[in-house]
Every structure is written in structure tokens, then in C-alpha cells.
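The next part holds the structures, each set out as C-alpha cells.
Across the two complexes that follow, subunit A remains constant while its partner is subunit B and subsequently subunit C.
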Partner chain A sequence: GQEFRFGPCQVKGVMLRELQEAFWAVKDTVQAQDNITSVRLLQQEVLQNVSDAESCYLIYAMLKFYLNTVFKNYHNRTVEFRIMKSSSSLANNFIVIMSQLQPSQEDEMLSISESAHRRFLLFRGAFRQLDIEAALIKAFGELDILLAWMEKFYQ
Partner chain B sequence: MKNVLQWNPPEGLQEAEVTYTVQYFIYGQKKWLNKSECRNIKRTYCDLSAETSDYEHQYYAKVKAVWGTNCSKWAETGRFYPFLETRIGPPEVVLTTDVKSISIVLTAPEKWRRNPEDSPVFIQQIYSNLKYNVTVYNTKSNRTWSQCVTNHTLVLTWLEPNTLYCVHVESFVPGPSRRAQPSEKQCVRTLKDQASEFKVK
Partner chain C sequence: AGALAAPQNLSVHSTNLKHLLRWSPVVVPGGTVSYSVEYQGEYESLYASHIWIPSSRCSPAVGPECDVTDDITANVQYNLRVRATLGSQTSAWSTLEHPFHRNSTILTPPGLDVTKDGFHLVIELEDLGPQFEFLVFYWRRESGAKEQVKTVRRGGIPVHLETMEPGAPYCVKAQTFAKAIGRHSAFSQADCVEVQGEALPLAL
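And now, the complex of A and B:
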């Protein structure tokens, strides 16, 4: 079957299509709530030209942030917008992916992990510049960008 | 990735002379941009392929109607993501027949080019997970079957000699939003089996 390969990190048992369909079902609803169209959190500098070696660190940091910050605090919105089913499907799949990611902590990987961390900080920095409510809506609405990037590592 | 904005004329203005003006916006940037070829136009579509050619960006577009001294509000699209929402064109299909087999060679569709002189970008350079869905129809037995392949060449074997087979192929990329457009149906006849012909005589 198909799996994610973020460099050395392999993730099995997750259907990318399920994630895409979960988001696609709520895309218009969620993105319509985002009025700050002049800001993109997942700018091209965050996700472009990410090396395989970096990818495991970056996806780990991104999913951890989405689970601990976005999904956690966006919960009441999901009820309001009636997007619970999609949101839960995305969150549960992210938990499964994270549980299988084991980014190497070896010293020789330090510069690579730092490079990935800088990319993540770009994203989180943009997130923190916004009002929390607006930032949560925008981050959720940009999941199609994250999923499109993840698709490149799905084989 | 030919991206054309289309809209319906406002209701109740059949008699009026209505013109339209289009603007587009790159998500994450600061301001709406004009599309000069779509300012005060009468048609109800505007080709924004050049403006949306970076498929990793996301875009909005909007249009407003003007008639006499009146002007409508802007009508705006949702966030458009070419990478996810493009419709994959059909591959080029070349068939070569033998007695009991048909060889199929597929060429992936090209990305829309701004200028004909630009070097071609083939879709699988953008979507590494591009697949082909090959559908074959035996006109004698009325049997149809399909198979999904990832490489560009395929040989259909164990076919019946001197039989007309019709083939069409769809290139697709897994993902909920990406629709695919099948190729034209092509029909070819497998060659006669000379051996069995001699026996009959």
C-alpha cells in the first residue's frame, strides 16, 4: 500500500486521500471565514525546496503545532461551522502520522533539524502576528497547502 | 492549467448594454490586480491562465458589471488552488497492433504554456504520482476492462486475432478535487492469425 516517506521517517496506515477529502468537504466554509487574505502563514519559504532529510523534522513540528494549538483551540468553531467530522478525521490522522514519526536526534543531524526549525518558526511567527481567532481560522484554512506539500512525500 | 474565470450575466438586464471588469488577487499578497484584457468587456469569461500560472500560489478573482451609470458589487470567487483544482487533460495515446496484442504508448499532457516557444512542462513533473487509467473494449465479445498503470508503455496481451478493440485513457492524480478528462476513443484491429488461416485452407 501507499505510505508517507519523509526522508528516513516512514508512515504507514494513513490514506492521504482521506485527509484530502476531509478538508475538501469543508474548504469553502473554512476559507470563507478568513478575511485576512493578505497574509499567508504557509508561505513558499516555509515549504519550498525542503530536503528529504529536513522533511521529517518539519512535518513533526507542523503536526504537533496543528494538534496542540490549532485543532485544540479551534474546537468550538468546528461545532459552530458544523465541520466536526472533517476536523476530527484530520486530527486523528495527524495523531497517527505523528505517532510514527521519529526524527533523528543525532548530533550530525543538528544543522538539518535547525534548518527545518527555522522554516517552522517562519510559519509560527506569522501565526503569532495575528489575533488568535483569525490565526486559528487561517491556519485551518491553509491545510490544503500543507496536504499538497505532504502529497509529495506520499508514495 | 488553463484557468478561465466564467460568470453569468446579471438577471433582468437582458436589454441593457452590460460590460464587465475583472480583477485577481494572489493569496498572501497585498492588493487586487487588474487584468487589462478583461476591462469593460462584453463576454462573460476571462482567461487568467497567465496570471495564475504559478500553481503553488492560491488566488481569488472577482468581476463586476457596469451598465449605463450603474455598477454592481464585486462578485468574488473562493480561494482557488491550481495545484489541487486543475483538471488533468488526456494523454496522447499511440496504439500498435499485433496478432494477439496491442502496444500502447502514452505521453503525459503538458502544462498550459504562456508562450508556444516556452519549453514544455509535462504534468508528471508536477505530479509525481500521476497515473493512467486504460480502458479497453472488445467489440466482438462486448467485454470492457480497465487497468491502472503508472508507466508510459503498456502491452495488452492474450487478445483475439482479427478483432476490433477500442481504447481510451485517462490521466489522473489521486485527490478529491482533481477531475480528469479521458482521451478520445481509438479503435484498432488486431492482425489476422496467418497460421490458423493456412490450416483452414
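And now, the complex of A and C:
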């Protein structure tokens, strides 16, 4: 079967198609709520030219943020059934991915993990620049960018 | 009239990644009871336990059964609950005793149709939807013959396996592979066909 390979981190039991379908079902609705078109949280500097070795650190930090901050608060703000369903499907699949990611903590990987952390801080910094409502909507709306990046590691 | 009774005996029956939630019907003489089904995945129970999501197909449901296949979309534990409604009356929620994980689904051997089209060995597998692939094993039934393997991505369409030669039957068996959970079914019964005629002379 197919799996994610973020460098040394291998993830099974997640159908990328299920994630994409969950997001596409609500993409237009969610992105229509995003009025700040001049800002992008997942800028090119965050996701471009990420080495395999870095990718496990970066995806771990991103998914942790989405689970702890974006979905959690977005869940509370939406009662629209379709968005709840999609958000739940994405969040639960992110939990499956997170549960299998074990980024190495060894010293020689320090510079790589720090590089990934800088990329994540760029994303989080942009998120914190915005009002929380706007930031949540934008972060949720940019899931297609994150999923497209994750697809590079799906084989 | 007393409070409306809550549905009892909730259970999930899952076969080939089709998940049916069932419960004992709430019977009210002269009344038509309907039901609402809600679910929460591991994420909701960990991060937002107050959040329950209405099932896609069964809010409301008229019979004591609900297809929750479209709601179970990740390899995590899911809590499921049901309540009854009669007019303005609503029962308490009944929650599935043990959370459901789709890994527990029963995988059945695939339906397999083996035919010959002239000298061609052709099969057709049961269409189980995009969640499944098939591993097909086929061999010429004679001593020393080697077993061949072919992955078939979708059921419901004819697949050409081999051009047969007379003189010995060709046999086929298959198993499903559930991609989402990475599990195989048992094999189907082997089915064999044979083409008549003279075995072709070996090239000199």
C-alpha cells in the first residue's frame, strides 16, 4: 500500500486521497471566508526546498500546530456540518500521522531540526500577526498548500 | 407518558470497510420513532470532547440501523451514539460501549469470475470500490508449473491474464487488499478452466 516517507519517518495507514477529498469538499466555503488575500501563512520560504531530513521535523511541528491550535479553535467556531465533518476527518488523520512520526533527537541532527524549526517559526509568526479569527480561517484555508507539499512525500 | 426510552444494544457490523451501526428499536405503540446518530473520532475525544458530529446519512434515521461508512475516515478509534425522537420527545443518548476502529472490519474473499475467451484466460473481480485492490494468483495445473501474480487495481472490469495452451487447465485464485488499513482478505476458492484442442508442437 501507499505510505508517507518524510525522510527517515515512515507513515502507513493514511490515504492521502481521503485527506484531499475531505478538504476539497469545503475548500470554496472556507477560502471564501478569508478576506485577507495579501497574506499567506505557508509562504514559499516555509515549504520550498525542504530536504528529506528536514521534512520529518517540519511536518511534526506543522501537524502539532494544526491539531493544538487550528482545528481545536476552528472546531469551536463552526457549526456548519460539512466543515465539521471535513475538519474531523483531517484532524483524525493528522493524529494517525503524528502517532507514527518519530523525528530523531540525535545531536548530529541538531542543525537540520533547527532549520526546520526556523521554517515553522516563519509560519507561526505570520499566523500570530493576524487577528485570531482571520488566522484560523486562513490556516484552515491553506490546507491545500500543506497537503500538496505532503503529497511529494507520498509513495 | 414517561420519558422516551434510549436505544439499547448498540453494535457495529463492519464488512469490507462498510460499517453499519445497529441498535434495538425503541417501540412506542402508535408512534413513529426516529433516531439521530453522532460520532467523534480520537481527535474530538482528546482535544474537544464536547464536540459530536452528526452522521452524514442518519440524522435522522427511521430504522434501527445507520451506515456510518462515510463518517469513519481515519484509522483511529471512533465513539458513536444514538438517541430516539418521537414528536417533541427526545431520549437520552446511548453510546457504543467500545469505540470502533475500522481495522476490525471483516474482509471477505472477493467474488471471482473465471472465463475463457477463445484461448484467452479472462477474469472479473467483484467491485468493492476504490478502497480495495486485488492480488490475483494464476497457474497452469501441471507439474513444475510456476504460479504467476498480478495486482488488479479495480474490480468490475474484465482482466486478461494469459493466453492459454490446450492440454492442461489454468487455475486462478484472488484476495483483496484493503489499502486504508493495509490488510488482506483470505483467498477465494481456486477456479480452473481449460481450452480444448491439440497441444501446439514445440518449435523445432
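The rule we apply is simple: the second predicted complex is superposed on the first by the 152 of 155 C-alpha atoms of A that agree within 3 Å, B and C clash if a C-alpha of one lies under 4 Å from a C-alpha of the other, contacts with A are read in each partner's own complex, and residues count from 1 in each chain.
By our rule, a residue touches a chain if its C-beta (ideal position, glycine included) is under 8 Å from a C-beta of that chain, and two chains touch if they have at least 3 such contacts.
Computed from a predicted structure; not experimentally measured.
Enquirer: In the overlay, answer first, second, both or neither for which of subunit B and subunit C A:Phe71 touches.
Expert: The second partner, subunit C, only.
Enquirer: Now for A:Ala32: first (subunit B), second (subunit C), both, or neither, which partner does it touch?
Expert: first
Enquirer: Figure out whether A:Met84 sits in contact with subunit B (first) or subunit C (second), or with both, or with neither.
Expert: second
Enquirer: In the overlay, answer first, second, both or neither for which of subunit B and subunit C A:Ile95 touches.
Expert: A:Ile95 sits against subunit C, while subunit B stays out of touch.
Enquirer: Considering each complex separately, which residues of subunit A are in contact with subunit B in the first and with subunit C in the second?
Expert: Looking at subunit A, the two contact sets intersect at 17.
Enquirer: Going by the contact rule set out above, which residues of subunit A touch subunit B in the complex?
Expert: My answer: residues 16-17, 20-21, 24, 27-28, 31-32, 37-40, 43-44, 48, 141, 144-145, 148, 151-152, 154-155.
Enquirer: Mind pulling up the subunit B residues that touch subunit A in the complex?
Expert: Where subunit B meets subunit A, its residues are 25, 27-30, 56-58, 60, 78-79, 81, 83-84, 128-129, 174-177.
Enquirer: Using the touch definition up top, name the residues of subunit C that touch subunit A in the complex.
Expert: 40-44, 46-48, 51, 53-54, 56, 71, 73-76, 130-131, 177, 179-182
Enquirer: Would you pull the subunit A residues touching subunit C in the complex into a rising list?
Expert: Contacts found on subunit A: 1-2, 12-15, 17-18, 22, 67-68, 71-72, 75-76, 81, 84-85, 88-89, 91-96.
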